[in-house]
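You will see two complexes here that share chain A, one where it goes with chain B and one where it goes with chain C.
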Partner chain A sequence: MTNREQYDKAFMDNFKLAREQLAGLKYRSIRLWDSMGHMTLMEEMEDKFDITMSTPDILEFNSYEKGFAILRKYGVDI
Partner chain B sequence: MAKKQTIFPSRLIDALTGSNCYIIENRQYALIIDPNDFVQIQVYLQKRKLVPEWVILTHEHCDHIAGLNALREHYAVKVLASAACSIGIQSMTINMTRIMESYLYFKSGGKVLASYPRFICGPADVIFDNTYQFEWQEHHFCLVAAPGHTSGSICILVDNETLFSGDYFIPGEEVVTRFPGGSEKAYEEIGKKVLRSLPETIWDYPGHGASFLLTKEVKKDYGL
Partner chain C sequence: MDYSKWLSCEPYEWKQKEKETVYLPYFTRLTELHRRRCGLYGRALAKLGYEPLHTNCLQDIPMLPILLFKHMELKSIMDDEIFKILVSSGTSGQAVSQIFLDAATARNQQLTLFKIVKNFLGASRLPMMIIDSPSVFKDREKFTARGAAILGFSMFAKHRCYALDDTMKVDVGRIGRFAEENRGKPVLIFGFTFMIWKYFCRALQEQHVSFDFSNAYVLHGGGWKKMQDCAVSPDAYKRRLKDQFGIDRVHNYYGMAEQTGCIYMECEYGHFHASIFSDIIIRNARDFSVCPVGLPGIIQVLSPIAVSYPGHSILTEDMGTLLGIDDCPCGRKGKYFSVAGRIPAAEIRGCSDIYGE
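For the complex of A and B:
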């Protein structure tokens, strides 16, 4: 599975979405992406890509698209 | 009418997380429930010239165990917890220290961005699966596993008339089962049954907030 596929899967599994629903997705735009859903998603990102994100980055990770830039900061090729 | 209490726990509140630690004392001995902030606990013990003997954990989340490592370093305490809690305190994911900074930020409505260390604790000294009963200083302790909020959550009933409910029955808050280790299914199938079976008109000392009288109406508010 590519990094992009793993990234998408984290969103799809956590928020019960199909891949075509991911573009444009924002924090709190759906019921499951609330603060608790966000923390679970962040833990999964850390586990999948073997990284430890700083709290400011976790808090900035507020959309599907924004996540790419943040993961790249940690050397994830995505 | 509430039953007459046989114990009068002291409550120490962690300033950052609002979690409660309770200290029950008898003569010069103390039993500690949820050691949240070691400095506060140590000051209390020294002031009252108490020797802590036991620590009981209501569940594995970091706001309830943050003082445990230091407490074990300074005192010869024995730690009692459910088997699942004992496993959970050894994991930064399950004890929530991995996400505590973000959690506190969200919980404060974006006002608090505090530093919170990631840590783990060693396993408990005495563990149990479903129930555990023991006597301490002439008081009867009955510990019952109540998974849901976390897999290691328990309720502590002392002399059948004082309850320590951990993160169940927090005044004004619904039961949360979405944290790491939490399970809605376990709460519905096991946790609720345990909470429903607890005696009524007894004082409850929750993991956050002030103590209150646990009544049939309170249980009803929680859908029990």
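For the complex of A and C:
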């Protein structure tokens, strides 16, 4: 799986979505992406890509698109 | 000063005088903003006879009794701007407060909490053991203040581990694995004051098990009421954590759902500190005059973060004493104080009577 596929899969599995539903997805725009869902998603991203994000970055990670830029900061090729 | 600039400052660097120079114009404007945007708040101000021109110092900023948030929907935003509604649980059987947040206010609360906690625990996210049960999140749509606090602090942690199982029994195996995996590394142990005492200290002692957690920070909050009932003083609490687990770094915090984010952390000397992100004024319980250092009274809390709801100046139902200003031996500037618990119910009614219909 490419990094992009793994990234999408984390969203799809956690929030029970299809790939077509990911673009434009924002924190708290769906029921499952609440603060609890967010922590689980963040832990999964860290495990998948073997990184540790800073707290401000975890707070910034508030949309599907925003996540790309944040992961790139940690050297993830995505 | 806009709040993002505030966030770029160190949390305990402002002397009280400096702080009030920033606070007074900001709070005067914020009071005006809420008066314009929140009809109920405007009516309360009219009742209080508030006159902005007569606001010469911070203590002249009007305060709302915390009880009002339990009985009214106080918000200064349009319904379509609501991002999140915080609910306080309070004591069982009581009505709950509803706090309306827009996206900016919610974000500022989290960033503020991070700035404050970072001053005590450092910036890196620590492995976290939560002295609670995952069942606290059973109802995802509506969890308790305990659940909200756990989630709030989870942002600063990684690899969260729950010390209790679904039946609130201490999970010795899980705690042992957590201790083993993080041996010698700093970790965070988080929980409500009473939960740590009953379900961690006492429960492990009953099972005759002990762990070395000398690498841990303990962060606990939620009030001392139940600890008073079992006659445990803050000193005895700390001693117990030291004796049983070797923990030196124990920090209580004082805070409330009505002003989430700007918590008051207990320093190494056992004093609660107001950061630059909030302030306290101690009020005489009879006439609401300002109490000087050393005189107990009711705690008023001021928070510049409260923009989406008129909760920037609240009279709590807690008693406290101002211990000093700018001169705590820990080096943190601003006011520091102690908290003595809830005021008697009769007096609470007295306080809210002045806002009655």
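Assume the second predicted complex is superposed on the first by the 78 of 78 C-alpha atoms of A that agree within 3 Å, B and C clash if a C-alpha of one lies under 4 Å from a C-alpha of the other, contacts with A are read in each partner's own complex, and residues count from 1 in each chain.
Please note the rule applied: contacts are C-beta pairs under 8 Å (C-beta built on N, C-alpha and C of every residue); 3 or more make two chains touch, one makes a residue touch a chain.
Please read all numbers here as calculations on a predicted model, not as lab measurements.
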| item | value |
| --- | --- |
| Partner chain(s) touched by A:Arg28 [first = chain B, second = chain C, both, neither] | second |
| Contacts of A:Ile58 with chain B and chain C, given as first, second, both or neither | both |
| A:Glu43 touches, of chain B and chain C: first, second, both or neither? | both |
| Doubly contacted residues of chain A, that is, touched by chain B and again by chain C | 35-36, 39, 43, 46, 55-56, 58-59 |
| Residue ranges of chain B in contact with chain A within the complex | 93, 98-99, 101-103, 105-107, 113, 176, 178-180 |
| List of chain A residues in touch with chain B within their complex | 35-40, 42-43, 46, 55-56, 58-59 |
| Interfacial residue positions of chain A with respect to chain C in the complex | 28, 34-36, 39, 43, 46, 52-56, 58-59 |
| Interface residues, chain C side, partner chain A - complex | 83-84, 107, 110-111, 114, 118, 123-125, 137, 140, 151, 154-156, 158-160 |
